[in-house]
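My questions all concern the structure below.
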Amino acid sequence: MTATAEPELAEHFEATLRRNDRIEPRDWMPEAYRATLVRQIAQHAHSEVIGMQPEGNWVTRAPSLRRKAVLLAKVQDEAGHGLYLYSACETLGTSRRELTEKLISGRQKYSSIFNYPTLSYADVGTIGWLVDGAAICNQVPLCRTSFGPYGRAMIRICKEESFHQRQGYELLMTMMRGTDEQRAMVQESVDRFWWPALMMFGPPDADSPNTERSMAWGIKRNTNDELRQKFVDMTVPQARALGVTLPDPELRWDEQRQAHHFGQPDWAEFKQVVSGNGPCNAQRVAHRKRAHDEGAWVREAATAFAAKQAAAAEETGDRR
Amino acid sequence: MTATAEPELAEHFEATLRRNDRIEPRDWMPEAYRATLVRQIAQHAHSEVIGMQPEGNWVTRAPSLRRKAVLLAKVQDEAGHGLYLYSACETLGTSRRELTEKLISGRQKYSSIFNYPTLSYADVGTIGWLVDGAAICNQVPLCRTSFGPYGRAMIRICKEESFHQRQGYELLMTMMRGTDEQRAMVQESVDRFWWPALMMFGPPDADSPNTERSMAWGIKRNTNDELRQKFVDMTVPQARALGVTLPDPELRWDEQRQAHHFGQPDWAEFKQVVSGNGPCNAQRVAHRKRAHDEGAWVREAATAFAAKQAAAAEETGDRR
Amino acid sequence: PAVLARYCLALGDDALVFSHRLSQWCSNAPDLEEDIALANTALDLLGQARLLLARAAAADPALVPALPEGSPVPPEDALAFFRDDRDFANVRLAEVPNGDFAEVVVRLLLFSTWRLALFEQLAGSRDAVLAAVAAKGRKELAYHREYAARWFLTLAQGTDESRRRLLAALDGLWPLWPELFSTHPVEAAAAEAGVGVDPAAVAGAVDAVVEQVFTASGVTRPERGALAGVRGRFGRDGAHTEALSRMLAEMQVVARAHPKGLW
Amino acid sequence: PAVLARYCLALGDDALVFSHRLSQWCSNAPDLEEDIALANTALDLLGQARLLLARAAAADPALVPALPEGSPVPPEDALAFFRDDRDFANVRLAEVPNGDFAEVVVRLLLFSTWRLALFEQLAGSRDAVLAAVAAKGRKELAYHREYAARWFLTLAQGTDESRRRLLAALDGLWPLWPELFSTHPVEAAAAEAGVGVDPAAVAGAVDAVVEQVFTASGVTRPERGALAGVRGRFGRDGAHTEALSRMLAEMQVVARAHPKGLW
């Protein structure tokens, strides 16, 4: 670090960004870039981990063995995504342990969507279709993000998310071919998740002060409103194929813009949820904290055992 | 104690027993009498408290609101019986706390019947009919037991137990008027509980070494086999009225004895259960221990609060 | 009658659901006396629930779920055991899963203080049945409140541990408090018709009682915001926490396995 | 075929029920790696269960519970979701409620060591389907056993606390161990017919493996006696613990609410 002067390093960093090349962990990077990345990746990792809960809520009640296997595998994938993303953070010098502490003490956030409850098995499908769908819209551009480990993690994650999205949609499709009650369950679930899904892209661009800098750094590739529009345009025909209505009276095709016009989510509700008063914020964090606290003795045992093994190996080595 | 010589006190004690009068807590009594009583009453108290679990297992699944109220009230009565009986022990100088410690550390026993699981809602009825029925046979004579507080507790308890027994029988009667599945549930339940109910009277007289002394002391009024016979004779016509069979191929009316002949329970199983390997022994004690341990901070808070109140009252008194 | 029925159903569901949570304490309380007291409270509320569900069914039989022909299940049980969570109208305070003893003390204090204020008004309901239920219930609720307030004080001033737990419980439940005073259209209509009470109308009085308990115990009112609903819908609208459907899975399992059963 | 069906049902129920307990760990494990590993184990066993239940249904369709006419529920789901606890043939070790992480480690060690020994024999079953299931399953079970044995050693030699918990878990589960080697008539008949394995025949080999893990970990074999059955009946006979019907109430609730549902 001391060998090369900072302006020179900064120039190299900027040049890499201009070439759309990747910044790697050993490269020099501005502290603000590092901090922003850590925050963004950690928030994403936390979302995967907290995201296990709303779907996990139905693992023990899955109505068929096939669906149970699909759901369990999906929740397991989410744990895997959490792992990759925490690893990406570790390449930036921040440990999983530290980030977990921030999560369970409420100092770092996760996607607000997971602060809504899952109230029927249809929600498992809706989360796959709408929530994973929105996540993919958000994440596909991140496969080209400027930080190497994050971009590579996103490539793998997006592939799995697409798979989950198709599975979710397929569950809903199947339920729509079932009984009247099942169809009503699907519609009710879509009604509940539609607006929160739109909120997943964050506040309108006018209220999103960090977007510009993140885009300059190549950490973000599209604005919130661009992504939201893309999601709506993608989803409307899928809803039609499924046979459900979306709960937005303003929704219509705008011939001039060649895009859908749609209403605005309740941003006051969004703020309430983001500030911690959503229907499940306290529950989600308390669940994570409990599991983490209850596991402390296991992690300590593993550490102590590894230390004993290492000491024994060293002793054996000494004796040789 | 020192004012009167022991032989004289012993004579007074024996005379009270001969008159079938009651021994009261302040009266002199032989240490062996006291110890036997404490053990017997404690075991009875523990049975009430542990007995809350097998029925409590179905409180949250009671199939009608009326049955839920009846069951909850019954389990509540059992807690009440536990209370009276621990109080009777306290008049003999042994605290509830001490006895609870003995229960949860496995040093004192409770009725072996509660080491069997409750596996359907019919069990709630069967426990009322057969288990409470057997308990009543055991306990009615104890209303005339020589120790005053125990006898008086038994009078109240027997009254409530009779009520419970009728409620249990009535549940089974109702279920027998229901669906085929319900009738099958009742029969299956009776099949499971019949032999354990017979075991509630304890081993055959030949294997019950303490019976003689307890009878001499007026702590026990009938032998195990006498009570068992009485129970069978009472129950067989009830089973007929109910429309269930009792799972004993040897069961038949003995014209000569004017009593039922019946088979012997599996005494090897009885020993296994009494020695701690019954299907639920570990579970029942662990449940009690957990509830007791989890409540420790509450009991401590109540004690601390009472002490603070007392100290404050004293201080106010001092100042006056 | 539809308004009266829905209003009775809401009050009945509050009692039914909280009674069930209380009944889960059975054989788990810190001492026999508390086991008895909690079971007794559960029984009182269960009794209220039965009367209210029966009143709801009588006022509007269309509310009662249809059962197979020939089913002997009475209306109160059809309502309790054959509705799904989204058809329950209880406030979410009643349904959240049990915590430690401090949690049940705080929950019972909040619940009984609120419900007592409602029942005091309801004793003058134009519906004679509801008025009678309220007249009987208010005595029970006054007792529940006394019990909870006594333990609130004891835990607040007992040990450091009990105070810590009490405050944690209060903090956890406080976000559910405002929901109790947000007027649902059914409540507004029932109040309008003179059969029910607008909970917003008793908010001040209820708050004063709770504040009194806090002051006596040296506890300051928490500052946590209200727990949001889902799309502005709360428990009264059938928008519940994840815990309710789990609770009902257990509560309803035997009844649903035997829709023609006689119990 | 009736024997084969009942034998497959027993092995399938073992996997189904223990898989369910493992799935309850989802989002509750001490670390993400363990969450993934336990979910993976649950998935492997769920896969075995599906194949075995399907084989059972094919071998004897009379085993499959009747559903309303027109129900699209496949046989594996009819068996999993529409039988009551007394019709489940799993050993009780599979069904007892979850404890802490030490409990799942010990339970998985005992379960997978036993089942691996059975599957190694079953790979030579005269029933080709069962043989194929066993051939695939033994690789999975060998992995589960490795995982459990590694954690057994780690907890035994980690900290005082982990050792204390491990020994407590072992002590608690040990009474359920003998049931795994008591031959049920269906197992005897299946072994006789060359399609199944008599578990008593593998008892020695299984015990030696477990003993090896104990020795490596410095743990002595507990002395607790066998958990009694009810009237001599055990899990394989449908005589279960109180925990199974509670578990099924949750597991089966959605499927049963929609007997004509398509999922």
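Chains here go by letter, A, B, C and D, matching the order in which they are written, and residues are numbered from 1 within each.
To be clear about the criterion, contacts are C-beta pairs under 8 Å (C-beta built on N, C-alpha and C of every residue); 3 or more make two chains touch, one makes a residue touch a chain.
All values reported here derive from a predicted model rather than from experimental measurement.
The chain pair with more C-beta contacts between its two chains, of A-C and B-C, is B-C.
Ranking every chain by how far its Cα centroid lies from the centroid of chain A, the top place goes to B. For the pair chain A and chain B, the distance between C-alpha centroids works out to 57 Å. For the pair chain C and chain D, the distance between mean C-alpha positions equals 41 Å.
Distance from the chain B centre to the chain C centre is 35 Å, each centre being the mean of its Cα atoms. Along chain D, residues 249-250, 253 each make contact with two or more other chains.
Residue numbers of chain B whose C-beta contacts span two or more other chains: 61. Contact topology of the protein chains: irregular, matching none of line, ring, star or complete.
By the definition given earlier, chain contacts exist for A-C, A-D, B-C, B-D, C-D.
Residues 54, 57, 61, 116-120, 188, 191-192, 195, 266, 269, 272-273, 275-280, 282-283 of chain A touch chain C in their complex. Put simply, chain C touches chain B in their complex at residues 16, 20, 23-24, 26-36, 39-40, 42-43, 46-47, 49-50, 53, 72-74, 76-77, 80-81, 100-101, 153-155, 157-159, 161-162, 165, 250-251, 253-255, 258, 260-263. Residues 85-86, 172, 175, 225-232, 239-242, 245, 249 of chain C are the ones that touch chain A when the two sit in their complex. Of all the residues in chain C, the ones that touch chain D in their complex are 84, 246, 249-250, 253, 256-257. Every residue of chain A that touches chain D in the complex is listed here, in rising order: 49, 52-53, 56, 59-69, 72-73, 75-76, 79-80, 82-83, 86, 121, 171, 174-175, 177-179, 181-182, 287, 291, 294-305, 308.
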